[in-house]
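Below you'll find the structures, each written out as structure tokens.
What follows is a pair of complexes built around chain A, which joins chain B in one and chain C in the other.
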Partner chain A sequence: MRSLVDPIDHLQLHSLLQLSVAGVRLDITQAVLFMWIGCGVLVTMFLLASRQTAVVPRGMRVVLEVLLLFIREDIVKRTMGIHGIRYFPVIATLFFFILVCNWVGLVPLPRSYTATSNISVTAALALFVFVLVQVEGVRIKGIRGYLRGFIPEGVPSMLLPLMVPIEIISLVARPFSLAIRLFANMLAGHILILVFIGMATTGFWLLKAVPLLGAAVMSLFEIFVGLVQAYIFSMLTAIYLSEAVGES
Partner chain B sequence: MAMLPLPLISPVLAAGDSTVSGQGLLKLDVGLMIWTWVSFFVVLYVLSRYAYKPMLALVRQREKRIQETLAKAEDARLRAEAVAAERERVLKHAQEEAQKVVDAAREAAEAQGRRIVDEARQDASRIVKHAEEELDRQRRNAMAELGETVADLAVEAASRILHHELDRSAHRALIDSVIEELEQKSG
Partner chain C sequence: MDSVAMAWLGSGLAIGLAAMGTGFGMGFMVGKGLEGVSRQPEAAGAIQRLMVMGIAFVEALALYALVIALFLAFKA
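Entry: the complex of A and B
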């Protein structure tokens, strides 16, 4: 019996509205739509929470404050020290943006889609982090200090022709690792959920219970994975920024 | 077509027009990347300006208030400890004062008691002495009266026995001298 759910098809982008600006296609796909839904939910939650003026927080503000303070204290300050606080908005927004994109795809809505399971989304974020780190490195250290970062301390000059390319490759590999880690984790989890659901649509009715249970368990696990991946992405961003500007 | 158990499946069935192969998953979509940047920067701007600042300001205000409250509580605790120590000191001082008063009262009472006993003893001895003197005086008076009576009786008896009228004053002197001798002998 053929499965009624094709996981790969589900993960393909479908144009909901075709747009083109200066020859560049800016189609509104389900990835864009669910990214906007996630952003809308995120902004709404924060704006509602920030309206509270009571000293003692309540409701969603408690959760958001806990996460904000966690990012400020355990990611930004612990990695970059007190001077890294100027990067807090960027790192916090990366965390929450990735988190809502990871989670919004788990909500069973029509054409539900996890934006971070698309390599274009994660690559865009990784590229932004890469550019930010290089720009801040040059801005804080100057061009000479920035370039000196490619020469590891204590390395004999004979090894420099080998070490400098390795450092450059290591630097360039970072956005790839950032993008592929997030993309692969979210994609794998969602494919697994879709495979379980596909299995549940075929076969004898008694056998449907096991894959449905698997899909439910995987969905719960994906909530955790989504949180962990958002943390890893923002933590690595903080570490890269710390390395780029820390020794100034 | 059978109903599927999760709503997640229904849009998949609706989107049955897709035939893209799995290799397309790694293809970069510039349009999606641009939308990602735009969405991210809009969220970054809105949250930085309208959410993070007021929320963290309120957190700082709360932290400050908590610190102030803790400082006040610490101050109140120190003051309470000082008051308790002062109270202990005053109580101890009062106890010491009370003890002193009690001791002084006890000493005064004991001294007064001793004085009263001494006075009583002195009074008693004086009374006894006075009684002894009085007794002695009474005894002497009695002896004197007795001597006179004896003398009179003796004279009367002698005069009756002898039937002889004697010179009463001469006998009287003789008898008095005898009585004096007797008194000297007796005491």
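Entry: the complex of A and C
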């Protein structure tokens, strides 16, 4: 008997609204819709939390304050020092956006979709981080200092023709690894959950409980993975920024 | 063997071998982390955070292999 759930169809991008602007297709796909939903959730949550005026926070605000403090102290200040506080808003935004996109996709609705399990979304995020790091590096260190970053210190000049290309390759490889890490993590987790659910729709009824339990456990684990991946992405952004901006 | 069978074989091998390597790496990492925590329980928080970060990096390698495996499986 074939499984009723096809993981691949579920993970494919379905276009909800055909749009094209000046010959370029700009469809409203599930990824776009779920990013909008994520943004809406974030904005409402923060607006509601910031409406509280009491000194002692209550409810959702406690969680948001803990997360924001964690980002400020453990991600931004630890890697970039006190001057890195300039980049706190962008890193916090990246963290919360990725977190919410990861978690919104886990809500078991008929057509739910994880925007971060799409390579285009994560590639756009990684490209944004790449451009930000380069621009900030040039702005803070100047074009000479930026170019000097490609020459490792204490390396004999004989080795430079070898070292400079390696530095450039490692620089260009960063956005790829950023994008693929997030995308593959979210895709793998969701495929696993869907395969478990697919198993639960076939076979002898007594045996269905096992994959169903597996799907529940994996869903819990995915909540953790979503948090860790958001942390990793923002932490790496902070590390790259601190490397580009450092010694200022 | 035709190319479809080869692609499926390759995709299976890709994820299997990657899982083996990642398993070794994660095993070392968690083992060393536990050693550090048992030796110095007060540093548990810092060790745990660094360990989780390291695990995420190692895990990413297996996931790259998973992407390759999926490409191979669907090319077939």
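By our rule, the second predicted complex is superposed on the first by the 248 of 248 C-alpha atoms of A that agree within 3 Å, B and C clash if a C-alpha of one lies under 4 Å from a C-alpha of the other, contacts with A are read in each partner's own complex, and residues count from 1 in each chain.
Here is the rule we go by: a contact is a pair of C-beta atoms (placed from the backbone, for glycine too) under 8 Å apart; a residue touches a chain by one contact, two chains touch by 3 or more.
None of the values given here were measured: they were computed from a predicted structure.
Because the two structures share chain A, they can be overlaid on it, and in that overlay chain B and chain C fit beside each other without clashing. By the touch criterion stated above, A:M235 is placed in contact with chain C alone, chain B being left untouched. When the two complexes are overlaid on their common chain A, residue A:F221 makes contact with neither chain B nor chain C. A count of residues in chain A touched by chain B and by chain C gives the higher number to B. Of the two partner chains placed by superposition, only chain C is touched by A:R181; chain B is not. Of the two partner chains placed by the overlay, only chain B lies in contact with A:A124; chain C stays clear of it. Nowhere in the superposition do the C-alpha atoms of chain B and chain C come closer than 5 Å.
Shared interface residues of chain A (contacting chain B in one complex, chain C in the other): 8, 187. Here chain B touches chain A in the complex through residues 1-2, 4-22, 24-37, 39-40, 42-44, 46-48, 50-52, 54-56, 58-59, 61-62, 65, going by the rule given at the top. Residues of chain C that touch chain A in their complex: 49, 52-53, 56-57, 59-60, 63-64, 66-67, 74.
Against chain B, the residues of chain A that register as touching in their complex are 4-6, 8-14, 19, 24-29, 31-32, 35-36, 39, 42-43, 46-47, 49-50, 52-53, 55-57, 61, 64-65, 68-69, 72, 88-90, 92-94, 96-97, 108-112, 115, 118-121, 123-125, 127-128, 187, 193-194, 197, 200-201, 208, 212, 215.
Within the complex, the chain A residues that touch chain C are 8, 74, 177, 180-181, 183-185, 187-188, 228-229, 231-232, 235.
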